[in-house]
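The next block holds one structure in the form of structure tokens; read it before the comments.
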Amino acid sequence: MAIVGRSGATSASFRRSRWLLTGVLALYFIYTFIPLFYVIAASTKTNPDLFSTFGLWFSSDFHLFENLRDLFAQDRGAFSRWLGNSFFYALCAGVGAALVSTLAGYAFSKYDFAGKRFTYALVLGAVMIPQTALVIPLFLLLSNIKLLDTPWAVILPQLVFPQGVFLMRAYIDDAVSNELIDAGRVDGAGELRIFSSIAFRLMTPAVSTVFVLAFVAAWNNYFLPLVVLNSSEHFPITVGLANWYASAAGGSGGSLLYTVVMAGSLVSIVPVIVAFLLIQRFWQGGLATGAVKT
Amino acid sequence: MTKKLLDTVFDAPVGRRTFLKGAAATAALPALGALGGTAMAQEAVELTYWAWTPGDPEMVAAFMKAYPNIKINYQNVGQGGPHYQKLRDALTAGSGIPDVAQMEFNSIPSFKALNALADMGTAGANDIKDKFVDWTWKSVSDGDKVYGIPWDSGPMGLLYREDVFSKSGLSAAPETWDEYAEAAMKIAKDSPGSYITDFVGSADAGWVAGVLWQKGWRPFHLDGTNISIKLNDQIAKDWAAYWQKLIDAKAVDTAPAWTADWFAGFDSGKYASWVCAAWSPVLMISAMKTSVGKWRAAKMPQWKKGDYVISNWGGSTFATMAATQHLKEATQFAMWMGGNLETAKYWNQKQYLFPVVKDVLNDPAVLDYKFDFYGGQQVNKIFAEAEAHVDPSFEFAPFQDYVNTHIQDEFAASIGGNGTLADAFDRVQDAIVAYAKDQGYTVT
Amino acid sequence: MQLAEMAATTATTGARPRHSSGTWGRRLAPYLFLLPFLILFVAFLIVPLLYALDLSLWKKALVGGTRFVGIENYQKAFVDAKFWAGVLTLVKFALMQIPVMLGLALLFALILDSGVVYLKGFFRVSFFIPYAVPTVIAALLWGYLYSPVSGPAAQIATALGWPKPDFLNPSTILPSIANIATWEYMGYNMIIYFAALQAIPQDLEEASTVDGAGAFAHAIYVKLPLIVPTILVTIIFSIIGSLQLFSEPYLLINIARTVINSSFTPNIYAYTQSFIGQQYNYAAAISFLLGAVTAVISYVFMLATSRRSAR
């Protein structure tokens, strides 16, 4: 995909642009990294040090392993449970949302059917309703069907990912040509067969994008699990850590857990980075095949 | 066996706080296991219990040992606000309501208004009423009806930095609010960058209620569906004028409270004192690093010299929810958690909650304990005496959360430049009267 | 809706799905493909929405119970000064934040797509990471960085003898929150633009001999117009997201009491009305009114842009 021309590769102005642009990106990287660096540094400090030393550098007392040990020991290993929960919810939501959105995006992109415009407009319109309006009714609905305080209460609502539908539709419009589909039909393949063996392969970069976006959205979700879950054993890390942080900053009866929260925050960020790195593979491969059109 | 179990729990890293060492502490533990005496062979019952105070899992385990037929499912569903929100959500849905829940003193009227609290008096709660400090029992009961078993309390007092005060020539703690104001001016002059305290009105309506309570402020009185609302009476206005003067003179800070910066301010001497509650001394100990030995405790400043009027800030109870299917067992649990002597000792000695059970409060080991952090002072004595002087006639609103939000918002607006604190009270009064009328109360 | 049209048509061949009186499977297929999404959408979005609508037509009081009040809640919300103050705050916020965030996202996506820089993969991942950080944690971290006493900016300023920067006063609070939102979501939008750029078929690209400057022009005049539909989608979603702003200011309330109060944004207002004032009915009305305001603003935006983009 590089725009690098045949004779341009070694020109001085090109090399200059290369360094300049890399520099621009590097500057933004530093900005991006400052809060993350704070988490890393903070996770290595003791509680009193946290408040008295310079935030963006380490203290002389390196306490990371003790903090990690405290983190996983706190509340009888609650954090490991929460971590597992977050993973489970995010994975289910990510896979589910990607699948469902892909099917729907394909329908909107490649078919004409009664009610298409209305449905599409409805989906777009529903996105404009603030989440806070939906939380209480959702809570009551889940309570009625006895799903409250279960993993389903968190996963099911998050399978609805309208942004995914829009993204898939836009991508499929571009990436999957009608000629290809018609060719499949002429060959006698059924619609589902065309979708799964011909079209799907061309969609993988976008499907993996939607998966990542849905996974991360579910991983980060705080408000929904806060309302629909009561038992600590079902909490994801967002709710769990926020609870601990509230205890840390609170008054009578609470102990000071700032360092544990910092260590927990550090651990929360790592899995998603790893997930993203793994997904990269699909991107590289998929892009090469998806870009070549017949 | 029990001792071993409890010992391993107490040796967990985060729970290790050994400021109140005492033979009594470790000796109490084995006794907890031998409490099965009152439990009789009964049908198996399962209860759900919601609370956020650390130490609950240990005490729940001990209770289950003493009452083998009752199984407790303990959950921490949030600290403070979120916990009450969950309760309300469950009440709205009509399901998922716990049997027993932590209920702070100031939230009892709100849940009583929702008819959500069970009367434990009918299940024998009055049997233990003499064990508790009088005003705490008065705050949870209505004649023979009992809506909560007191757990801990927060009689108010003063913590101050002896070194900063000495620098301004103040050798003893201020006894009256006038003296406090004078000290404020002195400290602002002698120690630039330091304040006598941080005015936390915009961050903590609980503190506001506490200090105004002491002055005689009685903003609410509920009688059936009639409610009298007097938030902006002369008492409030005088109090507002007092603090406004200090704010305008920059003798107190107006920074946000309950933040890392705020704690650092106490540690560094930027804030030289804190008008606080009985749970504060131990909180200070765990929050401060460099100011060990520099703090002292004192009686809460009085409005009239020689008075001994104290208010309460904070403190929780064990409440049983009306929806419970097992009122008797739930009451047994609540009574044990709050009234059992060994349990009460645990709350005080291992979790540093200020006791409401008379026997624990009057225990010499508690009263005479000398705190190194406070220069060897017997801090508990000061607060124990204060506890005996709490005037229980203060009533919280059946919609106290809403009132608190308004107080905080309007104080914040005033501090931000929109009028004075006195004006803030007027705005709050208008808003709350409108709200009460809107909610169907007859406002007098 | 115009957006549907814009997003649906492509830049290249304007692929229109063909309609033929074909087999059963062919006619049924779109509905079957759509079914899983629709079932979930109806169950977990439409049904709660209708229930919320119903809620907004009643009123529950502590004394007297619940009664039907029709549009009374909406009338009250329509003249509620706190609500409109919140909307105004968010309009200012959106004007401040969206151009910066999307501008950067576009710039970086173009740079990465051009292949001209070193460490492409590294930058792509690292710019996305803030999106992977839960908002609760992001607010915690930035709250610390903004802290007027122990934050690093304050510490550095003191060390250098400069006046301490104040990130949390009435005139700086919006940019401070905008900064957090940009930090969180720039990477997300960048990835979307990047995927769209990468999806442009290679045969449309001229393998011309370009050096640094020419590549830039190539990016602006050739590639950019091809992803305009995607850009418009992200703008719409950013507008919607801005008007629904809740988490970031809400989580900063503790350290910015004098500037962020319980009605700072309409969503915070609805939240405090529900969860603290027990006014679920009124909160539902506020939420729908906010939805209506959002719809109007989005629609106006779409009208304005469809007139300009020749499709």
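Letters A, B and C mark the chains in the order given here, with residues in each chain numbered from 1 onward.
The definition used in the following text is that a residue touches a chain if its C-beta (ideal position, glycine included) is under 8 Å from a C-beta of that chain, and two chains touch if they have at least 3 such contacts.
None of these values were measured; they are calculated from a predicted model.
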Ranking A-C and A-B by C-beta pairs in contact puts on top A-C
Which chain has its C-alpha centroid farthest away from the centroid of chain A? B
Approximate Å spacing (C-alpha centroids) for the pair chain A, chain B: 41
Cα-centroid distance, chain A relative to chain C, in whole angstrom: 15
Among the residues of chain A, pick out those that touch two or more other chains and give their numbers. 51, 136, 140, 249
Multi-chain contact residues (two or more partners), chain C: 144, 150, 254, 280
Going by the contact rule already set, what residues in chain B reach two or more other chains? 92, 258-260, 264
Residues of chain A defined as touching chain B within the complex: 48, 50-52, 66, 69-70, 73-76, 136, 139-140, 143, 148-149, 226-227, 230-232, 243, 246-247, 249-258, 260
Chain C-facing residues of chain A, complex: 1-8, 11, 13-14, 16-18, 21-22, 24-25, 28-29, 31-36, 38-39, 51, 54-56, 99-101, 103-104, 106-113, 116-117, 119-121, 123-134, 136-138, 140-141, 156-157, 159-160, 162-163, 165-167, 169-171, 173-175, 177-178, 182, 185, 190-192, 195, 205-206, 209, 212-213, 216, 219-220, 222-223, 237-238, 241-242, 245, 249, 261, 265, 268-269, 272-273, 276-277, 280, 287, 290-293
Within their complex, state which residues of chain C touch chain A. 1, 3-4, 7-13, 15-19, 22, 25-27, 29-31, 33-34, 36-38, 40-41, 43-49, 51-52, 55, 104, 108, 111-119, 121, 123-138, 140-142, 144-145, 150-152, 155, 183, 187-188, 191-192, 195-196, 198-203, 205, 207-216, 218-219, 229-230, 233, 237, 240, 244, 246-247, 254, 266-267, 270-271, 274, 280, 283-284, 287-288, 290-291, 294-295, 298
Enumerate the contact residues on chain C facing chain B in the complex. 61-64, 144, 147-150, 170, 254-259, 261-263, 272, 275-278, 280
Note: in the complex, chain B contacts chain A through residues 12-15, 17, 50, 52-54, 57, 75-80, 82, 86, 89-90, 92-96, 152, 154, 258-260, 263-264, 267, 277, 279, 283, 286-287, 289-290, 314-316, 351, 353
